[in-house]
Amino acid sequence: MARKETSRHIRQTGDYCFTYSPFHRPIAEVRPGEKVVVHTIDAFGNKLKSPRDRATELCHFPFVNPQTGPIFVRDAAPGDTLAVTVHRIDPDRDYAVTALIPQFGALTGTRATATLNDALPEQTRILPIRKGQVHFGRRIRIPYRPFMGTMGVAPQIEAINCLTPSYYGGNMDCVETCPGHEVQFPVLVEGAHFFTGDAHATQGDGEITGVACELAARVTLSFRVIKGQAIRWPRILSRDFIMVAGSARPLDDALRIACVELIDWMAEDYGFDRLEAYHLLGQVVQIRVGNMVDPNYTVVAKMPRKYLNRRGRA
Amino acid sequence: MARKETSRHIRQTGDYCFTYSPFHRPIAEVRPGEKVVVHTIDAFGNKLKSPRDRATELCHFPFVNPQTGPIFVRDAAPGDTLAVTVHRIDPDRDYAVTALIPQFGALTGTRATATLNDALPEQTRILPIRKGQVHFGRRIRIPYRPFMGTMGVAPQIEAINCLTPSYYGGNMDCVETCPGHEVQFPVLVEGAHFFTGDAHATQGDGEITGVACELAARVTLSFRVIKGQAIRWPRILSRDFIMVAGSARPLDDALRIACVELIDWMAEDYGFDRLEAYHLLGQVVQIRVGNMVDPNYTVVAKMPRKYLNRRGRA
Amino acid sequence: MARKETSRHIRQTGDYCFTYSPFHRPIAEVRPGEKVVVHTIDAFGNKLKSPRDRATELCHFPFVNPQTGPIFVRDAAPGDTLAVTVHRIDPDRDYAVTALIPQFGALTGTRATATLNDALPEQTRILPIRKGQVHFGRRIRIPYRPFMGTMGVAPQIEAINCLTPSYYGGNMDCVETCPGHEVQFPVLVEGAHFFTGDAHATQGDGEITGVACELAARVTLSFRVIKGQAIRWPRILSRDFIMVAGSARPLDDALRIACVELIDWMAEDYGFDRLEAYHLLGQVVQIRVGNMVDPNYTVVAKMPRKYLNRRGRA
Amino acid sequence: MARKETSRHIRQTGDYCFTYSPFHRPIAEVRPGEKVVVHTIDAFGNKLKSPRDRATELCHFPFVNPQTGPIFVRDAAPGDTLAVTVHRIDPDRDYAVTALIPQFGALTGTRATATLNDALPEQTRILPIRKGQVHFGRRIRIPYRPFMGTMGVAPQIEAINCLTPSYYGGNMDCVETCPGHEVQFPVLVEGAHFFTGDAHATQGDGEITGVACELAARVTLSFRVIKGQAIRWPRILSRDFIMVAGSARPLDDALRIACVELIDWMAEDYGFDRLEAYHLLGQVVQIRVGNMVDPNYTVVAKMPRKYLNRRGRA
């Protein structure tokens, strides 16, 4: 990772914003095609440094999951699509951090799924990263497979806390926003007001503890504007798949959104009849649960490109 | 309704805001104890005037459900509770309007519960209000029982579209925010930034069509600040009940929030042991479904005051 | 309660059945029009007699919520509707019993909403019934408003545990199956194989603790067969309302079933156009949450009869 | 597929049963260790043979998804675990069949998620199977990757329709019940009363159309009884993973069940502390959505064995 970086760097400002928003002044402007390195701090604002540090003492909603942004993308106007390619994610330190936070996670009562049971105990774990492996305890080594937990653009008239994923992207916590993939967002305000943060060294499906292997990182990105193409939900493209990320509660509705949007995409761009696309998805779609812990849950529906080869007609 | 009104009037400004937000400059300031008349336009911005008018042509998300506000309440500071008494709701015209809007409502596929089925047809109905009755068609007369569909305060750092109810109140669409009741909100920013709008002449439980009998109205309110009392979710007080309004998806989670908050209230203010309060609620709680159509659904849990008489101890 | 009863009595047999089922031999046969008194034991099999008795020690799934039945109703054939009028419910003892059962209830992790949190403590409460009041603790007196928590018929080829409500009725735990009301079920097997049990002295909406004021009772019923009318879900008729009870998870789906079936009923029997019925329900429907704790949740949608007077046409 | 089969064959009887049930007389008895070939017909009872055949005309609930069974497994007693190894699944004909069925599937209103929208049109597709490929239309070829959609045992006192998956297994429609894997079930009645059917030539995650590539097949199985080991939910073991299949609605609850049971398994058999197992799952668990269309939805949680190597202690 010692390669010489000649790209422009965009750093977290002291006054980093906690909302995807059109209200905040952009901290940088990029041109389509330009490659930039965005520096991000971790979801805890880099405050957890030892197993004795407690998120409930050091971090307070809504001041969590800080993002780097807004980044103004030239030429991006409402009605366009912003396509962001993730080139690489380099750790900015030699450890990740994870935690169990009371009343947060998929297997505990939470503020939304309110119960009267006692909360689970709080735990913080520091996970060294060495030679491409995340060390979980003394014996377990998990491959370093980084992705950006949060990537998104500003909604049209709202400022949304950075824990909530939705049609504008945001805290999707899905492993597919990773190096080599292109992530597309609807442009809703002039310049798109792109944000990213919340790098993860790795994560299980669903992020069921509510916290992945949280990382401060430098993410290398480039931007592309697709003029006049309005999309409704984030799309992800890889060599082998076209994908849609839907976010809602419960998981059922997130899955429905992702699949219906994927079908509409196949109809619009690949010549499929809608019902035929549905019928085919029933046999070949792959479903990936991004998170089941954030204010909206995220599900990614994946269509293998190999079935789209000949303009998709079955 | 010809009584002389000496209260101060707060009118909808031309540049009315569509978000509960700390970003917008207050349009008025009120003192605790002061009685004011707030003028509100209907959820369609008063644009539907005949059965031929179509919401899908005239109204566009997120520019819907306009509110009157922000109203700055003197002395209200973060950590306090804002208590708003609804004295009366007077119709500002002689009809209500309701509609079926494609992809919106509880009994159809929607943007969130995405399906491939064809949408239901769009319909607009103008409902004359005469002698305390809402005329639905030629023969059906429904009693005029008005309430404010939307009442809320600004979140701390966000600007939220006015369709979404949550811990800050908002578009709860519950019949309990009506004349004679006091509605309490957590104060999250200096001055609370209170908003209201979306008057309903009447509504069924759950607002299952997505649209009630929508009204332009003048609502008479007074404000009270409870210093140093931080609440987590909106509370409603009537002569016979103490109530909590929880908002989430699915309905299950909205119900859980409302009941757990009600139990905590009974523990904090009425001397109940939490499990005893739970046990009692199991036998006497009343549940009212506010809406099952907004981005969050709202459920009101109601505890009869008669069981709280002697400091609640069972 | 000293009135002379001349009706035939049907008693719980020692070998009482725990399933709604066509597999079990009927314990009695009734004629349409005949009035009978059915004796039922409580949901715990009458085993909890003191606050020291524990449901987790004395009752074991699936041997819970015992029913009295099957009762063979003469003339009832598949495709018919069985209409059961509840005339009165007399307590068979001078107390009700309620309990908190670990991993059961709406405000705790459960077997279905599985969490890692410690369970809530178990509690049993004996509630004396005196002069029409249920004594909850020393000071709280709740009016005696009895209903049958469980009423149903056998499914066509299944035997279902008596905790689960569905299209065949069953453990709906809704307060509307009470004296003065008629409850209708689809007949799915010859003779209907009617069951009832689980009397409740009173209950809060949602039965959120999982347990109401459980009672051993004698319920006076009469039966009517509506030949050739096939219904899909249980209906309830009172003087003021027609109602449908839908059961599913989450609550959203139970509400949807109840409302769609109510609309279809208004279309079939009262001359409404379906969309007009939907539109009207949006303004006047009443929603009652039966239970949010059983394997399916139950929601009752209620249409005031006054809006149906003139063949419903709006 | 011309290999000589010397195993005993168990054929579908004319009077095949449609319920997992202890009420039906076993059609065969097997010994632990014995390898048998079970013949199964497809979920439509082999009735759809051309694109003109309609499931709504030829198949009627609850007489759908016929199983081969009950198979009595010698030595299997309540409290034991039945482990079934799937050795191979051979198609019994040269085509699979799939369909769109009105009011059934994840992306349409259904009987449970009841809507007023018009149903989607019905479609039947015959899919030739040639050289290990399922031909979907003229150009799309999907690899033949067969699994049994339904495998289960009888519940203790119930007879359950064969569409419903739950703790006894059943219609889980998850791709992991495939050749090379061992599937474990709790034994709830003497002899276990094992059933299987509903072979699928392949299927997308979630089986979102409600119907996979349905197959008549011969499945080669062998049985093992683990005495005195009581499990609560089905487990699946492969070379690389240990897995639990949870079934519930909504998907959230199915995921919760699968993950909590997996954690308990790691605690019981691999020496993990429960919270440590949870913490690890957050980083490495894989989630597979079996179906989101049956009366319960099924989610499989998968733990890579490589992290369990050294008795799992982190």
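Chains here go by letter, A, B, C and D, matching the order in which they are written, and residues are numbered from 1 within each.
As a working rule, a contact is a pair of C-beta atoms (placed from the backbone, for glycine too) under 8 Å apart; a residue touches a chain by one contact, two chains touch by 3 or more.
The structure presented is a predicted model; accordingly, all values stated were derived computationally and were not measured.
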If you list every residue number at the chain A and chain D contact, are more than half found on both copies (same) or fewer than half (different)?
same
Look at the interfaces C-D and B-C and say which one is made up of more C-beta pairs in contact.
B-C
Between chain B and chain D, what is the gap in Å from one C-alpha centre to the other?
47
Suppose each chain is reduced to the average of its Cα coordinates; what separation in Å results between chain B and chain C?
33
Please output the residue numbers of chain D that touch at least 2 other chains, ranges allowed.
107, 113-116, 120, 249-250, 256, 259-260, 263, 275, 278
If you look only at chain B, which of its residues touch chain D in the complex?
107-109, 113-120, 250
Hey, which residues of chain A end up touching chain B in the complex?
18-19, 21, 23, 62-63, 111-116, 155-161, 246, 248-250, 253, 256-257, 259-261, 263, 274-275, 278
Report the residues of chain D in contact with chain A in the complex, numbered from low to high.
98, 100, 105-107, 120-121, 123, 125, 134, 136-140, 142, 202-213, 249-252, 255-256, 259-260, 263, 275-276, 278-289, 292, 297, 307, 309-310, 313-314
